[in-house]
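Across the two complexes that follow, subunit A remains constant while its partner is subunit B and subsequently subunit C.
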Partner chain A sequence: MKRQVFLIAGKELKGMARQNSLKILFVIIIMLLGFALYAGYIAYKQQRIMVDTAQKERRAEWLDQGNKHPHIAAHYGTYVFKPKTLLSLFDFGLDTYTGTSIYLEAHYPHEFMFRPVQGYGNMIRFGELSAALVLQLLLPLLIIFITFQTFTKEKETGTLKLLVSQGVSIRSIYLGKVLAYTLIVFTIMVPFFTGLYIVGVIEKTSSVISNMGLRILLLFSVYIGYLWAFTNFSVWISLKSSSARNALLTLLIFWITTGIIIPKTSANLGETLHPLPSTKTYKESIQHDIENGMSPNDTKEKRMARLKKDYLQEYGVDSLNQLPLNFGGIQMQEGEEYANKVYDFHDAALYEKFELQNRAGSLMGFIAPYIAVRNLSMAFAATDWYSFNDFQEKTNTYRRHLIRTMNNDMAKNSRYGEFYEYKAGRNLWETISDFKYLTPKVTMIFKYYWMELASLSLWVLIMFILIPSSSKTN
Partner chain B sequence: MKLILLLWQREGISIVRNTFQMIMLVTIFLLGMYAIYYGYSKITDQHKTIKNVEHIERNEFERYKNSFYSDHTTVKEKQLFDIASNPAYAWYRHGYHAILHPHSLAHMSLGQRDIEPYYYKLTGTSLYYQLFQSELANPLKLYVGNFDMSFVLIYLFPLLIIAFTYGLYTEEKENGMLPLLRLQTIGLRKILLIRIAFYYILIVGLGILLSSIGFFVSSEVDILTISLWLSVVLCYLSFWFALMFFLISLKKNSSLTAISAASLWLLFLIVLPAVLNVYANIMYPIDNTSLADVTRRRSLENEEDLDEAKAVVLEYLQNRNDLKGVDSLLNVNIMAKAYAAFTALNDNHHRKEVSDYFNQIMLRQKRISLFRWANPAVNTQEILNEIVESDSEIFQSFYLSIESFHKDITSFYVDKLFLNKEITSKDYETLPKFNLKTDSQDRNQKIRNGLIEVMVTTFLLFSLSWILFNKTTF
Partner chain C sequence: MLEAKDLTKKYGDFTALNTLNLSIRAGDIFCLLGANGAGKSTTINLFLNFIEPSSGKAFVNGLDVEKNPQKTKQWLSYIPENLQLYQNMTGLENLRFFCGLQGGNQDKEELEALLIQSGLQKDFVLKRVSSYSKGMRQKVGIALARARGAKILLLDEPTSGLDPKASNEFSELLLEMKEQKVATLMATHDLFRAKDTGTHIGIMKEGVLVDKMESGQVSFHDLEQKYLRHMHT
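Then we have the complex of A and B:
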């Protein structure tokens, strides 16, 4: 049987090699893949230079800000810029739609600013060409074009009957065809991912992304699984269709429905079912809770009165002036801590809404494998929502540490009631180390994207089941 | 006429009998209805947010106005009156809103309305501190895009056209009907055109029906907007019919015609715009990292140093000829004046950087729009966005109008501050008002040019196909 499978695969490959239109399509896909990778690399380089320069400038600004009161320094603050991960040259993911810089200052945790999408104009809604897009949407279309008549043509010309009458099982023919098309997919994928791996290894300057080798290997596996399932499905449709036209139409409808319509509708539906508040409402509710407290006993006035009482009791003194610490700094930090609590509470609720919205899409991955592979690809390239969220959380932690250090210094080194009299200097600024970012470990992806992994595995499994049994001859 | 009716009747019967085609028609209709619902719900949410911010603004200013008539016996009343009447407090506390109201048909083509902020809260403080805030949004949702009416018309309707027309000629040949048709006195081209006309009326009719439902749910629509929208729909769908007529004229087999049509759909709707977006990104990179610094909250180096404060005020007054002679009033409210002067000087200092950033964006968009004519799908999307004012240009006008609004706000308060004048209750009748300044002539020209470009392409394609049909042999 093995021999038959290889013979049929060889025959299929020869047949394809004779078709000029397929050769042209194949070349177009390779060219698009090459262009996408090249453009991704240029964009990555440009962005890296911009981010590195800006980050160095802001760091120098922070260190050279001169002598000033720590609270003024906390307001002066600093900036963090989102670095591009090396694998973003393969999959831009959500990079265009998430902000690129954030201002870190006391009292106000700002939102990320400057979404690159704002600089494109209307056309950006049609998408960007990345290597991932070519593999997720265009290569499957090439697979459709080369496979839709693989069985129907055999049926129309009568060669299928001839083969079966000679004792060749449908299973052998089927496997031979799938093998041939899988080999074509491999001829694109193997050199491409080898190249990507080499770039990943050579480009040592990138310390943002962890487990690079493993990520590329996982990307390769996910895409191979997806494209193999797609190939199998296309061959199966061809086997089951009465004519080439029917097979083509079925496959094109499947491609458009699962690649264009379902991803869009599910994301939109997710948003309709779990709407986000407006920034205005969101910020107002946070400010309200900071001022009035999250419980009746926690109003700003009551909190401050409690804090004052506790400190006077702890140090056994009658007035704030007698404290060995500047109560002003303690008060400011307490305000920050409470605000952090309120922000954490509201952010968690918002985070849950994002998760619920995205889950609607993830669920649809069971119907549309494109969604599963799209989400996994972004995740392995660290350009997905969870990676952005992780970056956001780390900048938040950095901001809190910066403000806490400034407030503690104020409490420790200045006197109550004084402000401009005390000035800190470079020694204090240097205690805040520069912001460095490293993506979470790749294993986290399995936790966040189990649904996508399950749906893609299910698709692969179903395709195995669909392979005709050896007993089947018609 | 009799022949036309006869052929149309035959096509009608064939559609009714063809379950697949009926399902497609119904599906597109339902998706269109969902698109209207989705767009409408998004715009309704934006209306609610706008109402909310308007309400907040109205309440705030009502409180200020009422404070002129209160006894000012309590501390709170006194504080409120100070904020209402003293420009030293008012200039950075009075919150105004600049709002870009949605067009009455914005729900049909959401354009950039989910990407760009459509309202800003502005006080007299630094414009750039307030200008670059983002609205809360799920990046994955932004990436996927909106399922609105324009998406249905631009992406899905062409698929309907392809599915209904790709086999109009070749299927007759493949079914053996062609020799019979050739025996008729009427030409094949005429028969084909009559049949295409049937689907033209059916699909364009569906487009008009769905658009009309979209108009109907809107509270107010003017005839000109409706006419423009319908003209665009007619032109765009005509383009796809002309394209299909061209492919049919090549008289290839039905599978090849379907593959070619699907490839062209892919080319116009995914590949070309995606390549152009990437090209724009690498050829015209936009560096927003350098701009982040302008959003920093800055203040005087030493807020207790009167000499520094005076120096800042005098520097500011050098550029304010209209305030000449107020130097003598320097000693009153000097710190408030210094802070206001510092903010204005700081904004002036950064004005060029910000304007360079917007110029970079405009240049990039201008360069990309040079390719607009070559892609009727992108052209149509742009025209629809322009008609319903959800395009990127309107947001640029919005930014520019905000700049001038901010100037009005600062001048309203800062002038009074420097002239040592109080804000009176009468002044509340002449508060600064936001006005959106748009270049409607330029907008109309763009719409007109876009429409002409699509029409010319359609006409050329149709003419070419007309000639080609009789010359090509099957």
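Then we have the complex of A and C:
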């Protein structure tokens, strides 16, 4: 049987190699992938240089801001930039939408700025050409074109009967065909991922993205699983279809439904089931809670009165002037801590909704494998929502540390009631280390994307089940 | 070598083959005559296990084809009315591929010689099958049967549409294989070819084998009369 499978695979490959139309399609896909990789690499390099330069400039600005009151420095603030990960050249993911820099200052966690999508206009609706998009949507289309008549043509011309009359089982023919097409997929993918790995080694991006080699290997495995399942499905449809026309129609309907309609619908469904508050409502609620407190006992006046009482009691003094530290700094930090609490509370509620929306999308991966592979691909490339969220959390932590350091310095080194009299300098600014970012470990993906992994595994399993199991030849 | 015991195939209420009993020995060429839909192709398809019988059994070399679908095929070679090989491969490549499926490992020269012995012009051996005539393709089919050392030939109207010369060449090849003790079951509309080539002739009508004779015991005129009588009753 093994020999028959290999012979049939060889025959399929030879047949395809002799069809000019398929050769052209193959070359187009290779060129598209090459172009996507090259364009991604150029964009990556440009943005990396831009980010590195901007980060250095902002760092120099922070250090060279001169002597000033720490709270003024906290408002002077600084910018941090989201470093582009090497794998984002393969899968842009949400990078286009999430923004690249954020201004960090006291009191307000600002929004991300310079989202590439802002400059794209309507074109973005059609998606950018990334290598991931080629593998997720265009390569399956190539698979459809090379496989839709693999069985129907043999049935129509009678060669299938001839094959079966030689004692070859349908299972062997099926496996031979799937093997041939899988080899074609490998031929496209192996050089591409090898190239990606080599670029990764050259660029030495381990300071930004963790587990690079493992991520590339996992990306490769996920795509091989997805494309193998797609190949298998296409061959199975060809086996079960009465004509090439029916097979092509069925496969194109599947491609459009699972690659375009369901992903769009699932995004809308997520929004409908778990609507997000408007930006206005979200900001107003936060502002309200900061000003009036999240409970009647937490109004600004009550909190400050409690703080004052606690400090006077702790140091055993009667007035704030007698405290060995500047109560103004303590007040500032308390206000900051409370604002952080309010932001964390509202952000948690918002992220919960995002999470529910994401879950609704992930569930759709069970009926549309494209969704599962798209989400996993973004995750391995560290351009997904969770990676962005991780970056956002780390910038938040950095901002809070910066402000806390400024407020603590004010409390420790200045006197109550003084403001402009006290000035800190470079020594203080240098205690705030430069912002460095490293993506989360790859294990995070298994925690957040188990549903995608399960749905893709299920698709692969179903495809195994679909392989004709009978050794019968009728 | 080939045996049908009460072999029956029904499609719903329609009986395509009705309790066929038949035995073909090594060196026999059994020609099945009959109009379209008489059950000739159904018989061949049942021996090939392309379809399952509704009742009865088909045996190849004493083995039930339903129970031994793979094994029985190792003795069989099948040539349909319009043998379609892989168009974008040469005759030689097709032959090598199909032989390989059965474990054959003949070298290129051996297969080339077989094609030429089977009547294919040398110029065409290395040409793609898309440039072959129907007769040429049938010759590749015979070469395949020879290369595989098939003991049984199942031919479904193999000379239909061939010009008289090609048809005659095909008959000669069958007679050569008969000498090598190959058993042949051939469905055909061609009374002349059946009388000329066959050792035995059967006439089928509406799924029933209505007459059976040795071709040596009947003249062409008598065969024609018998055939027409069966067709009109």
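The rule is simple: the second predicted complex is superposed on the first by the 469 of 474 C-alpha atoms of A that agree within 3 Å, B and C clash if a C-alpha of one lies under 4 Å from a C-alpha of the other, contacts with A are read in each partner's own complex, and residues count from 1 in each chain.
Methods note: contacts are C-beta pairs under 8 Å (C-beta built on N, C-alpha and C of every residue); 3 or more make two chains touch, one makes a residue touch a chain.
Everything numeric in this text was worked out from a predicted model, so none of it was measured.
S.K.: Once both complexes are superposed via subunit A, do subunit B and subunit C end up clashing or fitting?
M.R.: On the shared subunit A, the partners fit.
S.K.: Which partner does A:Y79 reach: the first (subunit B), the second (subunit C), both, or neither?
M.R.: First partner only.
S.K.: Using the touch definition from the top, say if A:T159 reaches subunit B (first), subunit C (second), both or neither.
M.R.: The answer is second: A:T159 touches subunit C but not subunit B.
S.K.: Considering only touches as defined above, state whether A:G15 meets subunit B (first), subunit C (second), both or neither.
M.R.: The answer is second: A:G15 touches subunit C but not subunit B.
S.K.: In the overlaid three-chain picture, which partner chain does A:G167 touch, first (subunit B) or second (subunit C), both, or neither?
M.R.: In the superposed model, A:G167 contacts subunit C only, not subunit B.
S.K.: Just to be sure I read the superposition right, which of the two partners does A:N292 touch: subunit B = first, subunit C = second, or both, or neither?
M.R.: Once the two structures are laid over each other on A, A:N292 reaches no partner at all.
S.K.: Taking the superposition as given, does A:L7 touch the first partner, subunit B, the second, subunit C, both, or neither?
M.R.: A:L7 sits against subunit C, while subunit B stays out of touch.
S.K.: Comparing subunit B against subunit C, which has contacts with more of the residues in subunit A?
M.R.: Touched residues of subunit A are more numerous for B.
S.K.: By the touch definition at the top of the document, which applies to A:T194: first (subunit B), second (subunit C), both, or neither?
M.R.: Neither partner.
S.K.: In the combined three-chain superposition, what is the angle centred on subunit A between subunit B and subunit C, taking C-alpha centres, to the nearest 10 degrees?
M.R.: Nearest-10 rounding gives 100 degrees.
S.K.: Return first, second, both or neither, reflecting whether A:S278 touches subunit B, subunit C, both chains, or no partner chain.
M.R.: In the superposed model, A:S278 contacts subunit B only, not subunit C.
S.K.: After superposition on the shared chain, which partner residues are touched by A:L249: those of subunit B (first), subunit C (second), both, or neither?
M.R.: A:L249 contacts subunit B only, not subunit C.
S.K.: Once both structures are aligned on chain A, how many angstrom separate the closest C-alpha atoms of subunit B and subunit C?
M.R.: Comparing every C-alpha of subunit B with every C-alpha of subunit C, the smallest gap is 17 Å.
S.K.: Would you mind writing out the residues of subunit B in touch with subunit A in their complex?
M.R.: 20, 31, 34, 38, 41, 45, 49, 52-53, 56, 111-112, 115-117, 119, 121, 132-147, 151, 155-156, 159, 163, 167, 254-255, 258-259, 262, 266, 269-271, 273-282, 285-293, 295-299, 301-304, 360-361, 364-365, 368-369, 377-378, 381-382, 385, 391-392
S.K.: Quick one: in the complex, what on subunit A touches subunit B?
M.R.: Residues 32, 35-36, 39-40, 42-43, 46-47, 50-51, 53-54, 57-58, 61, 66, 68, 72, 75-77, 79, 81, 93-94, 96-101, 103, 105, 110-130, 133, 137-138, 141, 145, 148-149, 244-245, 248-249, 252, 256, 260-261, 263-265, 267-268, 270-272, 275-282, 350, 354, 357-358, 361, 385, 388, 420 of subunit A touch subunit B in their complex.
S.K.: Where on subunit A does subunit C make contact in their complex?
M.R.: 3-4, 7-8, 11, 14-15, 18-19, 157-159, 161-169, 471-474
S.K.: Which of the residues in subunit C end up touching subunit A in this complex?
M.R.: 48-52, 69-71, 73-74, 76-78, 80, 82-86, 88-89, 93, 97-98, 100-103, 148, 154
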